[in-house]
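Below are structures written as structure tokens.
Here subunit A shows up in two complexes: once beside subunit B, once beside subunit C.
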Partner chain A sequence: MSSLFDLLVAGLATGAIYALVAVGFTLLWQTSQTINFAQGEFVMLPAFLMLAAMHVGAPFWLAIILGILMSMILLGLAFKLLLVDPMMRHGVLPLAIATMALAIGIKEAVKQFFSAEASPFPSIVPTGDISILGHAVSLQSIGVLVVAILAVLGLTTLLNRTSLGHQMQAAAQNPTVARIIGVPVERMILLTFLINAFLVALASLLITPIYLAKFSSGEVLGQAAFIAAIVGGFNQVRGAIAGGLLIGVLDNLAAAYVSTQYRAAVPMIFLIAVILFRPQGLLGRAEERTV
Partner chain B sequence: MKSTLLVGALLTVVTTTSAFAQAIKLADVAELSGGGATVGTNWKNGIDLAIEEINAKGGVLGRKLEVTHADSQSNPGVARAQVQKALDAEPYVLLGPGYSGSVKVTAPLADEAGIAQIMGGEAAELTQAGNKFLFRTSFGQQSSMPKVAKYIHDEMKAKTVAVVWVNNDFGRGGRDVIVKELDRLGSKVVADLSTEAGQADFAADVGKIKAANPDAVFVYLNEEESARILKELKRQGVTAPLMGETTLIGQKVIELAGDAANGARGHVGLTTDAPVDLIKAFREKFSKKYNYVPDHNGLKGYLAVYMVKASTEKMGKVDPKKFADTLHGLTIKAADEPGILMDVTFSDTGDIDRQSFLVEVVEGKQVVKQVLPKVK
Partner chain C sequence: MSGFAKPLKIALGLAVVAALIVVPMNFNRYGLFILSQWAVMSIAAMGLNLTLGYAGQVSLAQGAFVGIGAYAAAIMTTHGWPLPAAILVAIALSFAVGWVLGYPALRVQHHYLAFVTLAFSTLAFLVFRNESWLTGGIYGISNIPRPHIFGIATNKPLPFYYVCLGSLAIVSLAVWWLIRSPWGRAFMALRENPLRAQSLGVDTRHYTLMAFAIGSALGGVAGALYAPLTQYIDPVPFNLSLSLDLLMMVIVGGAGFYFGPFLGAMIAVLLPEWLRFTEGYYLMLYAIAVMLLLIWSPTGILGILDRYLAERRTKAASALRAVAKSRLETAQ
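== the complex of A and B ==
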């Protein structure tokens, strides 16, 4: 029983990180029909930016701020202006393929400029345990969960409770009408790219102490977040959150109770089941789109 | 004028060719990227350091050494293609790869070509296939695992043991020997966990270890995964003593795992912290050249080149066909060839006999607790 509790906590902590990444995924899709296959690499890169900042002498807290800012410039602004905008004209598919190329590019660049080897990364949460319901739970798991939940709460508050959020939603739902009623649609789209960049940088900060900073670590994360987004519902932020948590827990339970060899298969099988029986995702809404 | 130019050009070609013919060509295929990048990079740097030293002192039998490095991407398929390519260029000796799985698929190629292969793999089966051209730079699992099992049983007094291993040739080979040995000694394996190469998340595996509540945990994974599981073991508060091999307590693991590596113990065939003067000197030279402290793979690469030197000087000529015969059964003494660092004897199967060490990580440093002597 204690092992089930530990597995749930660890699964939720990993799932919360998947959720952050998956939320960014769905945001980009909703506002600009961008399926970002480089999302995993977007999580890998900020850790290296922070390491680079520390390498030139910045203390950890400053490196975090610089890393997040650089991520927002590179993975938000530059990504939109240099890749998404020019490719968007050619349709969703060419853009998706361009993001795959970007994923390879980022991975190889990190391998080239940093190292092919893993590097350690400091944790923002101290190691240690606290007792919850008689179980020792690691502070790191709690820290990851708390930061991820705060980020998601902040985001949903922004989207649902502020005028800016309403404008973003309007721009996502119907850009033409939004434009007529005076919503600066372009600026709103840019804002979602910046938010995505912030979320991936945050995910990077949380996951890298556990997974280590390595050029290839985005592969697993990108895939998990993609599955989470589809399972939860590609067009709903809350779907991505639920999907992320679910995949994190499922992955851990599969590793413990099925087998380590097949752990990666279990979320995939779940994904196929969702696509077959509930293609809009668990919390998504059905929508039709002309192709 | 034209003919003078032609003669000049011809002369240049002739001199260049003769200069090339004089160099002894070695080919290295290693894990320079992918999961084994730590292994391959250390191995490569060790090779380069040894060659630089040897060439600075006039080479081997008056000829310089040259090496080409190829990247196996830690992938046995790529390793096979790279080794084939390297063998096509007819090297004197083939160096690498470091991963047992890659050695397994490339050894038949070198065997067929009749070229000696000096490699870093430690899987037991590698030298048991009757290959006459394969040589180790470190202990095979059949030599090291019995020492580890004995330590777990006698010194750690563990009645129950959790064994966690990586599901590849290296991991499976080690797991098979240690489980058999523990069983023979009377320590019970209460959890037998296979994990995947490149696995990032060890929460579930550590959860199972915790549930099994063993007296000791034997961890047999590659370096990066070792670091991740050490962190997870600490995160979930597992307090059972940890025992492993070189891959659990290597420099890279200590760097990656930080505090979580403290207290981990391992049997080590080669360590740069060994209380041996020649190894200390090696460590200093390596750190000075590459700005980091090498792990045992740096030592392996370095030794591989000195094995080439010692065996060739013993033969008194550069003969790729006779190289393997000469190295079989050869004892190289560190007093005669300081580059070999410790006295070593090669068996007829290419296995080695050498002293080894029992190491514990104390405050982020490898501390040698015991020196285990050469068997013969």
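== the complex of A and C ==
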């Protein structure tokens, strides 16, 4: 039986990965009203791209760079140009359905072209434990936390401290006015898609060594990221971060203290409660009705 | 489809029904299974079309209601109850649960509602999987009997296909009647402009709950037929992807069109079978086909037809106008 401290650390590490995925999810929603049902598959795919690069002989570090670049091209650029752009003007629902179909497509493509079996994936952090306050903590958890925190800090600095970030926020909050004051809105939207692709590739790099690379592993992850995004606040980056950490910890605690059978139910019940009693999310602003 | 003359429409409808009755007579076991599955999924999709297409409430939980119906039927018929009784219980149960699930719809809309129903769908799956005293857990329930209808055993695939087709016919007529009744109008008012509907005296609260409950009840009917069709159920078919599949069927066929669910279910059930010759690629091709269709026509297949007919009508009308105008000019 692991102690509360271990559970918290493990939960925060998983939660940090959820947060990365959830942040990307909210960025897409904010700038282009895209509910990406394929977000989980977006996390699953880059690991396979990296494995493919290693398969043709690239060393691990090069495979990581290639994998991130390829996912930015496929999951960022191509996703936006080929699927989101033609469908954006038709409203939220048809686009959401199209991303569901995309999720099936990605899953099947990986199953067909790579493998239906789970493949091991090298870790960027060495395995082993170190001792903190008398507890053995795995280096993997710490590595995941550090990388995720750095990514989130980098992103929030970009969004809040730079002119580019301000332009992106303007494009998200009010595209019409942003256009009038000279913000290249289209380019800003494209940028959020590239950032999302980068974040999911990073999440893929962090989570795949723990759960193995498998075509179906995106389903659970995608759902966790949805829940994190909504619990935290659909329209806030910091909400998605808080939501991710919260869901990660909740999930781990539920597995230990509730029951392994119903561990998946705890975040769901929490989600329903949040939507019913605080639909804008724990940290979100109330959204004006668009219709 | 008001572009066709009425007798033509009736003739076309009769021809399709006749074909559905006659053609499968020499199908093999597998072909009949697929067609029966189409009928069952059409019923479930029709229910979701009521909730989503007519009343405008997004639900990602229709698969869970199919599961509730299937388990109700499986548990009751393996304990010796007749299937019609099980169907009634499945309807009552799904109606009640659907009614309760409608309450969040009174508070939140659109994507939030989608996520509440998504969470419900996952919870239902966990109950199917974990409450093994009731549902058999991961081992499921096997040897589900097929019913005797008017003393005729339906153990063979063909008679049971007729049971599914007959149920589809009954449900279709009921839905046809419903959307033409004041209820259907109230549902559509709810979809188009809830605020205006309310100001015109439509009890939006009541109709929102009803839209969920009736749509869910049809999911329950589909489940109650699914159990004896496969004769074995376990939790896996009723996970979230069934709800997503059903939603895709409704949108691909054309949400808010009466015939949308039939077409959508046909594409979701039959297209993968027709693509089976491509072996591992068939689901990939299916996904690409769905994306291309939605890019081309976000309102689904019937949306294309609808636009084409509307265009033809405007053309015909402007031609008539031109004729009338020239007549006026010559008269002057």
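Here is the rule we go by: the second predicted complex is superposed on the first by the 289 of 291 C-alpha atoms of A that agree within 3 Å, B and C clash if a C-alpha of one lies under 4 Å from a C-alpha of the other, contacts with A are read in each partner's own complex, and residues count from 1 in each chain.
In the analysis below, a residue touches a chain if its C-beta (ideal position, glycine included) is under 8 Å from a C-beta of that chain, and two chains touch if they have at least 3 such contacts.
Remember, it's a predicted structure, so these values are computed and weren't measured experimentally.
S.K.: Do subunit B and subunit C fit side by side on subunit A in the superposed arrangement, or is it a clash?
M.R.: Superposition result for subunit B and subunit C: fit.
S.K.: Could you tell me if A:P279 is touching subunit B, subunit C, both of them or neither one (first, second, both, neither)?
M.R.: second
S.K.: Using the superposed model, measure off the angle between the directions from the CA centre of subunit A to subunit B and to subunit C, in steps of 10°.
M.R.: About 70 degrees between subunit B and subunit C, seen from subunit A.
S.K.: Under the stated touch criterion, which partner chain does A:L93 make contact with: subunit B (first), subunit C (second), both, or neither?
M.R.: Second partner only, subunit C.
S.K.: So, A:Q261: does it touch subunit B (first), subunit C (second), both, or neither?
M.R.: In the superposition, A:Q261 contacts both subunit B and subunit C.
S.K.: May I ask you to decide whether A:I210 touches subunit B, subunit C, both, or neither, giving the answer as first, second, both or neither?
M.R.: First partner only, subunit B.
S.K.: So, A:P120: does it touch subunit B (first), subunit C (second), both, or neither?
M.R.: A:P120 contacts subunit B only, not subunit C.
S.K.: Kindly classify A:V21 by the partners it touches after superposition: subunit B alone (first), subunit C alone (second), both, or neither?
M.R.: In the superposition, A:V21 touches no partner, neither subunit B nor subunit C.
S.K.: Quick check on the superposed pair: does A:K111 touch subunit B, subunit C, both, or neither? Answer first, second, both or neither.
M.R.: In the superposed model, A:K111 contacts both subunit B and subunit C.
S.K.: Nearest CA pair across subunit B and subunit C in the overlay: distance in Å?
M.R.: It comes out at 6 Å between the closest C-alpha atoms.
S.K.: Considering only the contact definition stated at the top, list the common interface residues of subunit A for subunit B and subunit C.
M.R.: 111, 261
S.K.: Quick check: in the complex, which residue numbers of subunit C touch subunit A?
M.R.: Residue list for subunit C touching subunit A: 58, 104, 107-112, 114-116, 118-120, 122-123, 126, 129-130, 240, 244, 247-248, 251-252, 280-281, 283-284, 286-288, 290-291, 294-295, 298-299.
S.K.: For the complex, which residues does subunit B have touching subunit A?
M.R.: Result: residues 32-34, 37-38, 41, 167, 193-196, 198-201, 203-205, 207-208, 210-211, 224, 227-228, 231-232, 234-237, 252, 255-260 of subunit B touch subunit A.
S.K.: Under the stated contact criterion, what part of subunit A meets subunit B in this complex?
M.R.: So the residues of subunit A touching subunit B come out as 2-3, 6-7, 10-11, 14, 111, 115-120, 127, 129, 136, 138, 140-141, 209-212, 214, 216-217, 220, 251-256, 259-261, 263.
S.K.: Could you pull out which subunit A residues touch subunit C in their complex?
M.R.: Of all residues in subunit A, those touching subunit C are 35, 37, 83, 86-87, 90-94, 96-98, 100-102, 104-105, 108-109, 111-112, 219, 223, 226-227, 230, 234, 261-262, 264-265, 268-269, 271-272, 275-276, 279, 291.
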